[in-house]
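Both complexes below contain subunit A, partnered by subunit B and then by subunit C.
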Partner chain A sequence: MSEPDVQASDEERAPLAATPASTLPRGEAVPPETIRGLRPRRDPVRVLVGAAALAFVTFGLPGMIDRFWLQIVTSVVIYSIVTLGLGLLIGRAGMVSLCQFLLLAIGAWVALRLDFATSLPFPLLVLSAGVVTGLIGALIGLPALRLSGLYLALITLMAAGAITVVLRIAQFPNGGGGFFGNSAAGGASSRLPRPAIATGDTAYFRYCIAVAVLMFLLALWHVRGKPGRAWAALRQSQATAIAAGVNVTLYRLWAFALASFMAGVAGALLAAASGGVNINQFPVQNSILLLAVVLMGGVYSLGGAVVAALLLRLLPALLDDWGVSTELLTILFGVGILQVLLTAPGGLVDQVPKDLANLGRGLRRLVGPRRAGDEAPPP
Partner chain B sequence: MIEVEGLTVRFGGVVPIDDMTLTLSGGTCGLIGPNGAGKTTFFNVLSGFVKPVAGTVHAFGDDLLAIADYRRARWGLRRTFQTEQAIADLSVFDNVLLVRENTEGGRATQRRDVMDAVAFVGLAPEANRRVGTLGAAQRRLVEVARAVVGRPRVVLLDEPAAGLPDDETEHLGRLIRRIPDEVDASVVLVDHDMSLVSACCATTAVLDFGKLIASGTTADVLRDEHVIRAYLGTEEEV
Partner chain C sequence: MPDLKPFLVLGFALGGVFAMSGVGLVVLYRATGVLNLAYGAIGATGALITWSLLDAGWVPDWVAYLACIVFGGAATLLYGVLFGPPFSARDPLVKATATLGLLLILLGAMQWVWGRDPHGITLPTSRWNYDLFDARVSGTQVIGVVFAIVVTTGTAVFLRVTKVGTAMRALADDREITATLGVPVRRVEAAAWLGSGLVCGGAGLLLSNLVGLDIVGLTFLVIPALAAALIGRLHSLWVTLAAGFLIGIVQSSLTAFSEVAEYRTLTPFVLAILALLWFATRRRQTPAGSSR
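Coming up: the complex of A and B.
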């Protein structure tokens, strides 16, 4: 294994400190512009297909479905921002949070109250909701500096419970005005006025897609950049990260803050969606559901967030439409999560393409002549 | 130049380092001793993972123990781990970049510094490969590259040759010998491979049960009868 090292050495062993820029020992084997850290293979076909799919969903889809399904896909888009944040937290930073669903409520609350108290434009409302929720999330993440795994999950679940209690006491959101959004009549929902450019349902759907795309770019920027590398070190071992000079406290809290920022942004968007938000929308157990779909979707790739949001919002609506009891969903998710944990840590987004490829190979073998090169698909 | 005075570490009733006073001069110093002698604990004190109950550590005049653990890399303290800890999910380049971007030095020379360090250990052709796909010897080299990138002042190598075949160890030894001059950093080498230690280190200190039992030029130390009794056994093959 030392062969390449020995061969490459003569030229490269120029003194490190005194190497002038012109004679940098960049091996001939690797042109400098290709050295840019590990990149997933980005073949242009996939990028094109992705862009085409996005364009279709944005411009084609709203014309093909009725108002009900448009609301559903809008909420899929909004929830994909939440699952994106939680996926980053779990897959990249290696920490678990069970309070993201309740942070969604916080985001909605902040946006609604800010709208009540100020005349901020909609994008700033969304941003402020994200920032405030991010700060609260970082506070909840403080125990993560000492705890991890199950204990951290429990702490965040308790935080979720505490937020629920506060929401119950404050009777938020039930359609009223004022700081608490409290109306004596009760039972109604609160809705944030939409931006002037996106008052219609279709326009608002596109608006949400634009925000979601921004969030995915933000996530990508983090994953590919300095925070992504620091999180990779942290995930492997805290000692390694410290020895590399990584400020462990900062990056742990930053991961929590980022995930919570995204939840807050989604909360603000949700508050302006059709029907607004109401008090029955944020039960604690949904936090666990959220964790389940995020794990099922896949936490190691950003696409997993979209799959997770589809599982969370579209699947129940579909089952309902087909007349299947949505109670079945709990069982389905239970089986799904076992399946993912046991056989596909990369989640559905990673597993399905592989399974399809295996299936294709299997079918080819069934119908075609048996070739020596075909190996059995992995179990 | 590291000056250790009266250093004591206690884990409950166990005292892995007991009132240790030691000066490690520049260049490459060896640190040897039987298992449990306190070598790795000493490194962990330097890294900030273990807090001593007494004693001081000064490196190049700075009070090392007063610096926050993660800031010590920025100060210039680097280390490798006994069980190799190159980050499997990142490429070779990103592994080294991680250290460079979290320590001192401007962004202008960042890429060049990283590639210099990668080339220093001879991994330039593998720069884009994921560390998880490399062999054990190459992952060790990634750790060394992480230790020399930027402006290190003290490089701690904790059994870098553990588990390596002889030819890889020799290659590693050649690299280690180049560090003091070419990277301008002091090296402290812990290893059980006496031929590696004597090939790399001008001076060597010997620990046993948390106490310093000998120090001096490597050749003298390895002839010292206390050392032979405590560590090397009776065979004088060294």
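Coming up: the complex of A and C.
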């Protein structure tokens, strides 16, 4: 991995394959702190803080919350794998998929089906669910890959509709016969047996965190390595990328398959979570909500995936708890899409620290006019 | 072989509305580069407003029906005026993604205001029944078919003959050059937004009658319209019209075959994939953005 390549790709990032200039609000030059803020963070302090936070969430948090909130936090961890994949696809490869949420359902379905058909151990089930979902995702994307990104987005939207239809008919396997493995007697929800080392809720929560960490490392490895550079080149200009010898179709397909793989892995984990899975958890509009939270969280940093998962799973639960209608959240996410695309391409992860810094500066100016004077250049 | 006639009639009507929606999408896309994915949501909101007006009984029925079409035009125009210019220089993918924001806003608002229970509108034309080839045909179904053909023909003539239509075609080729030539770009775009929105309102009203007024269902009825538009390569009005009819007829006819009847709503997806595969074999390595 060579250092300059990574930096170049990070400085010239552009969301959704737009030209770099158009990602900024009109008439604004690139502010220097944006570029600094977007560089890969190798700060040892940050790494330590991140590791401490992870350790706290893994070992401290389960003891502090009750079973309901533990389930919510587990699902946040699982969904962060899906948002990670979609974030990579949008932010790095510049492609949009609107069927990721349904691929999650496919991952759960495959894991359940394999569990009823074979006696694979849990990690292999998760892996094969990921691989099969990755293949299905690649198949969906394949016809549109040679056309522009808009066609791919449209095909995935239609695929989302199509998968919903098939899922409603097939249902999740619950021990019935035939290919679909569903029988009316088996009940609406299906649940995958958990691995022997993580049968309890707390243990399973930690198991999910371990898988999520592996997925984040996989993502990091892709971003910092050759695929990341190829995607960065592709996002800038397809013609230049071809001239530079990047295999356009292969790397696009790879990005799509990788995002689908992650959705599949998350699906398998979800199938073993408390309550299992049933088809009512996968309405077609959630694919669009997923896109909204991923954009709002921030597609240019891996931390954005965690924020996105919090927005998607924790926020509705909190609002429900406070008695606020969750439909308002749908409206908020809609506004969020427009806001991110118009003014804040980096999402919350990028925007909040910047806004807080601005607010802090504003407050300092407001509270201490003398200190503001100190910053004036000497005459 | 089951008797297909009733399904063919319904298919023609459904296909007409898909075709009409597809044409509305294509016209807007050609003029502004925006593929309006919130098309179904706007139509659904309009139809729900009509339902509320009918339910309250404050206004004559025809005003309520008109309200759906007017809402479609007004909401689309408002979005176009507010968000069209800031996004004008962006990739078509970004523009389409932004309309998903509108979709979510409308979807959330609909679910908040009108709840999740189904509502229903019955247009007076649905009560006019005719017998055609042993099948019952309602007035609404006839309107669906006729309207699609009229809208497509009207739009094609409009684009070819009128000054605004010529300006729209110029915009589709190059926005900057068109602006340099002195065409009031924003006003022409606004006209495209309004026209597309009015068609959208009309389609919403007809669809709420033909397939039922279900919030999520109507919102995602944009999918068959998109499939029709995609088969028309987001450019050809006539291919879109034909594709809309084809999707409607195939989908409806499949109802008659019990083995595949459950899967009939996959039709738009399958046909669009087939069309894309066919395009892909005919065209190598399309540069991004050149597909406009």
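The working rule: the second predicted complex is superposed on the first by the 316 of 379 C-alpha atoms of A that agree within 3 Å, B and C clash if a C-alpha of one lies under 4 Å from a C-alpha of the other, contacts with A are read in each partner's own complex, and residues count from 1 in each chain.
Quick note on the criterion: a contact is a pair of C-beta atoms (placed from the backbone, for glycine too) under 8 Å apart; a residue touches a chain by one contact, two chains touch by 3 or more.
Everything numeric here is computed off the predicted structure, so don't read it as measured data.
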item	value
First (subunit B), second (subunit C), both or neither touched by A:162	second
Subunit B versus subunit C as contact partner of A:121, first or second or both or neither	neither
Partner chain in contact with A:289 - subunit B first, subunit C second, else both or neither	second
Winner by number of subunit A residues touched, once subunit B and subunit C are compared	C
Touched partner set for A:247, first subunit B, second subunit C, both or neither	first
Partner chain in contact with A:239 - subunit B first, subunit C second, else both or neither	both
Touching partner for A:333 - first (subunit B), second (subunit C), both, neither	second
Touching partner for A:229 - first (subunit B), second (subunit C), both, neither	first
Set of subunit A residues, in rising order, touched by both subunit B and subunit C	15-17, 19, 26, 239, 242, 248
Of subunit A, residues touching subunit C in the complex	15-19, 22, 26, 96, 98, 143-144, 146-151, 153-155, 157-159, 161-162, 165-166, 169, 238-239, 242, 248, 283-285, 288-289, 291-292, 295, 325, 327-338, 341-342
Complex contact set, residues of subunit B against subunit A	47-49, 69-74, 78-79, 81, 85, 87-91, 93-94, 97-99, 101-103, 111-112, 115-117, 119-130, 135, 137-138, 141, 146, 148, 167-168, 171, 178, 181-184
Subunit C residues touching subunit A - in the complex, by the definition given at the top	35, 37, 83, 86-87, 89-94, 96-98, 100-109, 111-112, 216, 219-220, 223, 226-227, 230, 262-263, 265-266, 268-270, 272-273, 276-277, 279-280, 283-291
In the complex, subunit A residues that touch subunit B	1-2, 4-6, 8-9, 12-13, 15-17, 19, 21, 24-27, 29-30, 32, 34-38, 226, 229-230, 232-233, 235-237, 239-248
